[in-house]
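Quick heads-up: structures coming right below.
Below, subunit A partners subunit B and then partners subunit C, in two separate complexes.
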Partner chain A sequence: MSTLETTLGPSPHVDTPGGERYTDIINLARVKAAHVPFYTQREAVTADGNTAAALASLQMWRAIVYPGFPITPSTKWIETVAAKVGAQKGTPKRVKLLEAEHAVADYIAGACGACRDLVFITATSSVGLDHMTETTRSLGASGFGNAMIIDVYRATANYPLCIEGDPSDAMAHRDDGFIQVCSRGKQQIYDSIVQLPCLGMHPEVMTPTMPGYYGIKDSHRNAKFWVESDAAVHEFQDRWIHECDLPGTINGDTAMGNCVTSRHFQGFKVAQKRRIERALELLPQIGADFERTFGRPGLAYFDETGFDAGKPADVVVVGMGPDYGTFESVRDAWTAKNGTTTAGIAIRLINPFPREAVRKRLAGAKVVLVVNQAHHSGRGHLTLDVADALHGVDNPPRIVSAFCGMGGADVSESTWEVMLDEAKDAITTAPRQPYMVFHEGARL
Partner chain B sequence: MSAVLKSGYKDLAQRESCFRPGSTLCPGCMESVAFQNIGRVTDNGVKTIFSIGTSCAEVSTLAFPNVVAWGRGDGAPDDWTKSFAILHNVFESAPTLAEATRDVADALTACGALERKVQIFSASGDGGAFAIGLRSLLHTIHRRARVTIIVLVNEIFANTGFQYSPATMPYADTSTTPAEGTPGNLNPPLDYIHLAIAAGAGMVAQLSPAHGKMFLKAVERSLEVEGTAVIFVPAPCISGWKFEDGQTVELALLGARSGVFPAFTWERGKGGAVKDCELDAAQRPSVVEFLAEQRRFAHLVRKDKDTGAPKIVPGQEENIERLKSWVQGNVERMYGLAGLKS
Partner chain C sequence: MRTLDPRAILEESALEVRGDGKAGGGLVLAFQSLAALFSSLPNTHVQEWPFFSSARRGANIRSFLRVSAKPIAVGCEVTRPVITLLMDEVAAKAQDFAEGVPHGGTFVINTRRTPQECAKHFHLSGRVMTVPGDDIGMQHLKHAIGNVSAYVAMTEAIGGLPMDDVVGVFLGQLKKRRIPDVLIERNREAMNATKAAIQVGVFDEARPGDHASTKFEGYGVLPIGAQTRLRLSQNNKTATYARSGFRLVFEDPTSACTGCSHCITNCPEGIIRWTPDAETGLKVHGADVSSFCKLCGECIEICPEKLFKEGKFEDHWVESEPQEARS
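Right, the complex of A and B next:
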């Protein structure tokens, strides 16, 4: 008996810049039809951030294989996915447990290449993300917008080891080439994960995404949030995600990840930058469509607090993550006590950094207080981005650069107050140091 | 393993290989010979997908804007089963990429979204598989992924300039174990065949295309066995082993027959066999003959200028005896592995 099989005849195929794509090989409608819904109607759920992320991941019909490897504080994501998939009778979804984070990233590269119309999601944190780095940097350049790595923020380095959340991992990986969006609160976590494949898989973006949220503070603490029906999630995503024009390894005659000469490498890198810059234009459009659809704010460059139309604030805070909420809670009282007006933005899009939007929002402020929570060898990642955004502005505001909350320490009300005091002083006097470290209501 | 080639030599010779002209591999490189043969076996009516780790085999066949030396036909085939896809990521991840591809294909099939079969290969060098990529190799095997893993074993990191690898033969001169005042490499090679069996492979072979029929049969069989099939391909390297052009197949046979890398086939539940390599050292070609053909062992053995006969370098007799002892132990170990059923 020969191993030769009877061929089924010619297949329709189209020529693409990435090779030939055979159009009748993968029937995506059948993947969608095989989806067994987790929610048939909108429901309020009280759960932690990892669960919120897992539910959003599970509801996508395009996600049918979930690779994972545990690391605190992201572990509950893969546990939840495994439990839900195991309990869902008839689901085609499967969980893939690998031997290390590097293997997970490699697996995602292989899976994304195999079928560019499916979404492959995992979650990791801290040194887990570091361990993936060799491949995340390949993924960032790959054009695999169907790759999603959820980063549950945690301090990096194991000497000393800290399992609590600051965004050192996310900030250290901004050059990996992913679209990185920070969420605060369970609703934002859920909503961001629902929206991000629409951005990453857009044919003019084709860039992997990295939604993130603070470890412990958001990953482990419970709150109520809305979960939409699977059908509503599908309808929203299907408006934005269409069959990929480029071939995968299953439906294509193609070569991916080739070695290239330096001249051509530069061309690829330019194209990579163009694609991620296009995300800046599309993100607000997707966010607006999400808000129209579900009645909640969608993806945005940043959240805003206290901007009165036409009247710039004396001090504008730039921060990110759940500790920004403490600023929001002390703001009114501190303003009343000090007679200094304040406003703030909580950065959500950390890569690519929305320079133009930040510049416009900070225009007219006397002082910008930038709150950095990640380890940085200089004045702080956010500080440098804000300084870059303000470059060339007439009469730019003074920048007060603060570090606090490192290793996931809570940024208390008293810490916010002392930072705001420093910012107030800088209205009349240059900041006393290029950057300052604050903790437990004191400048260290 | 089946006793005869299912497809027959004539049939295979007429098939269209997925490995095409255009590579920049050294002329006579065993890797290109292996790919040519695998490429013909896989022209069998099933779509073929390769993953490939960074290696000579990658940078010499996929270097844009040079010709991509892969694919069947001059243009895209109308028949999808003749289409070919290859994905490269990093040095160590080829088995994991192949496993992911298999899983996606299986998941699509389970949904009814993919109605036709695919066959999936992973290709790595021994540096990518045994050094930086041992984790990927063993865990993909351990998870019984239904893929064929090809490891091209040239006993060095050829792509980066002929450095020591965990498969480097004792006493070999490499660029990081230089035989200048020292005897070269002193570490015995990793027992990768035993590791593959222990990790759970469904099939393990050590064969090069120098053993033509056996090699083709192994590749063909690898597509049928349950679990992961692993084929280690001894790959004499002209530049790294420092031998003359045209000796590739000869050296591959001599290395196998002398006991350095015996031809070996094994299947889980059935056991295996050492082929074309006698257990009794007296009935095998001497390893000295193998060494004499390669300048990486010139500090141990050289050919007589007049007769061409191998001559042990004075003072190296003890090292040669140690090397012979290692070779005998290697052959005995392979015979022992052949006796394992699982």
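Right, the complex of A and C next:
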């Protein structure tokens, strides 16, 4: 067993399954003390989603280097981080602009491996996330819960090019091994980013996180939200995040990404699946603590609309993102006009998919209208997840699978109404097609 | 006719506002400032965003704003705005800025024209407010940018907003953008000069079907992979990318055109109009500026007789040139 000799004598160390960890190499207390607060008190801010994400990223004392490469619609995240860091005297924080997204992901891998107790955050979109793929899979497999990639949803294709938001990038990366949480609205964006390191860095989770929000529809839309003081953010995060047991390459005798044979590879994957499933149990606990602390809803599997206790709705909508809000706004009028009760859930945790919770919420419904906004070769990512969740349920509801809003297309009130009409028809008649596409109040 | 009171609508439900302009014309700043202004009020929720796709400078853009005393859930675009802003008249060539505005709504237009002229020209029914924002911008900011005045006019249209707050919030937005103090002061002057320049009138000029929401008729046949035609395509109306506020003018009162054809061969859009001439071979008599002229200036540079020039859009407001096949 090796021992690190310094001028002060042998460094105290502990044995871990990942090698020795030297306990006096990194002084986290000094890192925390060096943090220069951006907000000393709670403030209402009017800004867009990228700014909300940037402010949350900046307030963490554990985040001191922000690697990035700009891509629409996430560019303003790094612009804001860079402007705020540049304007703040005495801050130890630095922004590292790299050559491309692949370089950013590699940088994060190296930095997360060097120090498991610091958080490394970047933001990207669409093909930017695609460019990172080789490394994102490694981040997911390496237990780097201190890695956070903010995904500003944008359609994934360059032919044709579309810079607006649909979640096809997030959906295409569900096997990267990240905890993926969708937010809608500026407050949720800010709050989710504050909470997610608590989940990702939990010793039983150790899984990177990918908070996301719709490009343009949320990234570029301004609204008022609350920003907590840096001190309050630190106090909350410090309740959940503790010094990592595993060594990093700076403070340990360890290596990352060693080659393993098939004899062990599957074992690593089983452990990876178990850790991400553990996130399912911990996420509501962190969300509840957040709500107790700040008085706003914290992380949750999904947002709920219109569920009366003990009385199942005829039609339950499953959607995600800001367009779900339009459903909320038309729901009362549509219900009154049609005499069909409706409720809905807006999925927030898209990976791991909260099957059991979704199953319970959809039980008793006659029809489930699943609204997909990302291109999928079949019935839709969300539809397949919902079908999986309903597997084995007695008298399962019929599933009406809808596509709309792809490429960030507007999902108008009339589009919601015609989708709900289709779901209502399915109460008595099987859906006419495995999936349908809707736009501007019409079924295409 | 009865006009809709934006303030009353705001108190009862949600005020929905939309704006049309061109990228680089300051529309986004005007709407962000409106959002910031309402955001500063207690118990007021706002939702504001632009729609510009992969627009470059000069392309049409839109901005949307919702204001409500209740949290705003709805996430779709604003299609029935009570107030609409036309920041740049050229934008109205490609987009009906008044689409979906209910009878009695408010139309704010950045123009030298009177409300009556605009109501007739655009077939508007409701309250029409005009402000010569580009002129005010030119006078105070040395730049024909009308967003300062358009913003002030919008606040007047909504009503009940103290001028000090209106000015303070806008200047605050400029400070955030690190605009030099001297320019901020000029913006203040421009804002203070705006109020007296606003003209208002109520008119009923819309005909049945005018500004009705267009019904989505499906996507039709799309080329695989968004394969596009060449830029010279008749479908790509490049005039919408022209420099805002100006258009190409051809004047040859003394028949000086020598038929050299330089303008014809150098025009990238092929829109120079000419007729055969027994003496010179051909005579140029203008260009089809209705749809394709993006004011690249090639003809202005190349013409040895200096027969082409840029003219102010205001001076050539009436659409007189029909769209024709190009040379």
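As a convention for this text, the second predicted complex is superposed on the first by the 437 of 444 C-alpha atoms of A that agree within 3 Å, B and C clash if a C-alpha of one lies under 4 Å from a C-alpha of the other, contacts with A are read in each partner's own complex, and residues count from 1 in each chain.
By definition in this document, a contact is a pair of C-beta atoms (placed from the backbone, for glycine too) under 8 Å apart; a residue touches a chain by one contact, two chains touch by 3 or more.
All figures in this text were calculated on a predicted structure; none of them were measured in a lab.
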TODO: See if subunit A has more residues touched by subunit B or by subunit C, and give me that chain.
DONE: B
TODO: Could you look at A:G252 and tell me whether it touches subunit B, subunit C, both or neither (first, second, both, neither)?
DONE: first
Open item on the list: With both complexes overlaid on chain A, does A:S11 touch subunit B (first), subunit C (second), both or neither?
Closed with: first
- [ ] Determine, under the contact definition given at the top, whether A:V260 touches first (subunit B), second (subunit C), both, or neither.
- [x] first
TODO: Would you check which partner chain A:L444 touches, where first means subunit B only, second means subunit C only, and both and neither mean what they say?
DONE: second
- [ ] Using the superposition on chain A described above, determine whether A:A271 touches subunit B (first), subunit C (second), both, or neither.
- [x] neither
Open item on the list: Quick check for you: in the superposed arrangement, does A:K96 touch first (subunit B), second (subunit C), both or neither?
Closed with: first
Open item on the list: Once chain A of both complexes is superposed, is A:G110 in touch with subunit B (first), subunit C (second), both, or neither?
Closed with: first
- [ ] Scan A:R30 for contacts with subunit B and subunit C and give back first, second, both or neither.
- [x] first
Task: subunit C-contacting residues of subunit A that also contact subunit B - done: none
Open item on the list: Quick check: in the complex, which residue numbers of subunit A touch subunit C?
Closed with: 44, 46, 48, 72, 159-164, 184, 216-217, 220-224, 321-326, 328-329, 410-413, 415, 439-442, 444
Task: For the subunit A and subunit B complex, residues of the former touching the latter - done: 1-11, 13, 15, 19-20, 22, 25-31, 33-34, 64-65, 67, 92, 94, 96, 98-100, 102-103, 106-111, 113-115, 118, 134-135, 138, 247-261, 264
TODO: Under the touch definition given earlier, write down the residues of subunit C that touch subunit A in their complex.
DONE: 32, 35-36, 39, 44-51, 53-54, 72-77, 79, 215-216, 218-219, 225-226
TODO: State the interface residues of subunit B toward subunit A in the complex, per the touch definition above.
DONE: 6-7, 11, 44-47, 49, 51, 58-59, 62-65, 68, 70-71, 76-81, 83-90, 92-93, 96-101, 103-105, 107-108, 110-118, 135-136, 139, 220, 223-224
